[in-house]
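Chain lettering (A, B and C) follows the sequence in which the chains are written, and residue indices restart at 1 in each chain.
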């Protein structure tokens, strides 16, 4: 029966092939399951790609941790395409144990149920929450109705601890400032007149006085200064289509129309930091991340950081990233031990020692020269909306670019964004 | 294949079993990854579905939302506009180049290689090259004496992608048409010559109509490909579909909804709606232009 | 095409058509179209001139990218076609610091695996549908063709869900190569092509094998498969190119796992992270294009045959 033999061999071979594929997959799964539940073993730590300096600092912190807790090993990896890599890991229910949580991703991740609530671990380890700036903590806390964990329902659930932060500051090219013979502006009116002086004195021959992207991530600071906001305090309604918000946008557009301001793309740059470095702008509004960039890319350009300007009130945006633990993590106890060290006094001190980031704890002093940023700590609001707001931000970004191109009116844009935001809020994200 | 003495019955059974054995893996692949997904998508579209699975049943709410969705409308409009421009251009260019390459010319192989070359490269490489050449201080601007940021301006972003894809895909269409041209029997031309027809007339009155199967095939392939535009729009816009929604295509919107927004239920509904759209368009094409083909 | 995979609805790929493609590939012109007027010298010069201009136009972007890849970053601002000091620095750095050597290796790996699976399975299946009789054969074949109508949009969500949480077994294939290999086991178009080709082979060969006492598989493996050489070659080339250039499904399935990235994903990632490193980006693009270009140069005949076969309707 040779013909039958061959045919069945072929089919059998096919099944073996398939089984082999499956086996290699399940084998991978069972290996992870070998970890124990005691605070020992291996903990995976993941973040996005960072510069070599930051990477070295983080490794230093990890080394300090491993010395203190010799029974726990840390497996750190920097993921390239962070959001997508995390999606894959969440979907496969194999997340890293500890990982970065961006404040703007937090609401969605919390709602999707991929973050582990930390309250029980905080209680057990008696880890103090008060040293952290409360506005930053709020970005990773869910108030009111919360998810159940092990039968307990608490009024506030903490899903992460901020590891650092930065608000926006105002950076001005010192040479150009001197050439225009002015002092750094502190109000909107002064900002306009400073720009006008820079222009009339031709202090920025290759560009424009101000570089400011048509990006809600920057404009929001001005909106806050004009007493406006995207959402109301309880995050149940969108407040985009209001005179306060319109006023901020109109201010931005008026500066652009008066030839005092431009977006990075028109200044031959990918972002305003590059424009400052290429000396195509005198005044920009960026955060602490500008410092290592300028040191590395444009060390010869002299600039100074001033506090953000003030509108009707002080207003600023706080960009912050937290460490969180995966809901499907296999080693949560050890993970929390690592997390608490990373954001603890010692860990954070090491991490912020080179001034690449600002500490999010009140009891850790930042390096010198960051006073301009720290001034914003009391009133800076976290860069965050509500769950499922990615599409709203896509709409907001597209509408804004249309307004800048002159294809859309400000009122129409604001209404559109508000409608989309309200629809998302109604849906629950 | 029967040895003498074997009955016909068991031989047929044997052959059937071998047949099934040969096709078992391909059929498994088609059933699991093409047929089953159709039904699974319908199932998922009736739920709110997140990263970790089902969240809550929604009935037909996702579809109702689809009808109200502005961005969905924009995505469909962009894709249809893109298709309406690219398909005729690709076909015309492909046919033109095929006719040229089909002539008794010297260096035909060189010309054919030159016209087909852009089709060889991957969309990522091509888009990277295009972004460079079309940048505000890039080659195209210097040749034209302008300084537009072609991909960053909502008026020129989609047209730039149109031009890009016409350039890369017309070569493939040329090859399809070439095959069609070469299958036309030369008797036809002899007859035309006897009747005293001149070149241009010969082409329009005789060649063009005889290419109908080629036209139909190129049309279908071109339309289906254009309706699924993703790679170039994604890479050029960095995933945002802008500026001002200009590069938001149907597949890109689907990608944003699922991989970026984690709304898999709504994404499934989108997929179903787009499938219906494509299916209908293909059906219409078949009715209008096709006839019962071997496929 | 918007996607890089092989064309959707092909038709018969007969031995005769392949040989005609041979002719075309060899540069021997098919029979002159009678009745066409002989062009005057000037007219043909104009025509040639125009053709060369268009051909050059098609090539210019590639010339430009090669030229840029040999320059240094400050030089790219200018518009000289020939770089001042051509150097392979951008290539060296792309391959090492920017990981393109690994992406290249990955591309080779997945293109090879997918091609082998595809050729093996589509030939097997194509032969069965062409020459073996079993109940339901026509229905099943119709089903196979039907899958060509199901677009990627529809498959994205369900396949993503299946790969993260496979039905019944709860295996996870996302972020790995297994998932991609699994969904690319065999293409309906390839299977169709093989079936059409097997249909054109005279039955004499199988009869002879039968008389020699060969079983089904042996007949297939030792007799029919070798006869299908041209079709196999065409499928090999097209599948290899399609997988080499694939972007959408690798993006979805490898999902951020940089170690697995292929050249297209690497280029995309590079563009996102280091927007204006033009020489390196161009070097990466050239690295991505060269292998396929070389394959095209040496195996033109099969390329053309495969694609033209798809376009010919009997």
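Keep in mind that, in the parts below, a residue touches a chain if its C-beta (ideal position, glycine included) is under 8 Å from a C-beta of that chain, and two chains touch if they have at least 3 such contacts.
Quantities reported herein were computed from a predicted structural model and do not represent experimental measurements.
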Most distant chain from subunit B, judged by the mean position of its C-alpha atoms: A
Pair with more cross-chain C-beta pairs in contact, given A-B and B-C: B-C
Subunit A and subunit C, separation of their C-alpha mean positions in angstrom: 40
Whole-Å gap between the CA centroids of subunit A and subunit B: 38
Intercentroid distance (Cα basis), subunit C paired with subunit B, Å: 15
Residues of subunit B touching at least two other chains: 1, 14, 17-18, 20, 22, 25, 137, 259
Numbers and ranges of subunit C residues touching at least 2 other chains: 124, 160, 165, 182, 215-217, 255
Residues of subunit A engaged with two or more neighbouring chains: 3-4, 6-7, 10, 83-84, 87, 91, 93
Parts of subunit C lying in touch with subunit B, wherever the complex brings them together: 1-4, 7-9, 11-12, 17, 20-21, 24-25, 27, 29-37, 48, 51, 54-56, 58-59, 61-62, 64-65, 68, 77, 79, 121-122, 124-125, 127-129, 132-135, 137, 140, 143-147, 149-162, 165, 182-183, 185-186, 188, 191-192, 210, 213-217, 219-220, 241, 244-248, 252, 255, 263-265, 267-268, 271-272, 278, 281-282, 284-285, 288-289, 292-293, 296, 300, 304, 307-314
Contacting residues of subunit A [partner subunit C, same complex]: 2-7, 9-10, 21-22, 24-26, 29, 49, 79-89, 91-94, 270
Interfacial residue positions of subunit B with respect to subunit A in the complex: 1, 14, 17-18, 20-22, 24-25, 50-52, 70-71, 136-137, 149, 152-154, 240-245, 256-257, 259-263
Residues of subunit B that touch subunit C when the two form their complex: 1, 3, 12, 14-20, 22-23, 25-27, 29-30, 32-38, 40-41, 44, 49, 53, 100, 102-105, 108-126, 128-133, 137, 139, 142, 165, 167-169, 172, 175-180, 182-183, 186, 189-190, 192-193, 197-199, 202, 213-214, 216-218, 220-221, 224-232, 235, 238, 250-251, 254-255, 258-259, 264, 267-268, 270-272, 274-275, 278-279, 282, 293-295
Residue ranges of subunit A in contact with subunit B within the complex: 3-4, 6-8, 10-11, 14, 17-18, 83-84, 87, 90-91, 93, 108, 111-114, 265-266, 268, 327, 388, 390-391, 394-395, 397-399, 401-402, 405, 407-408, 416
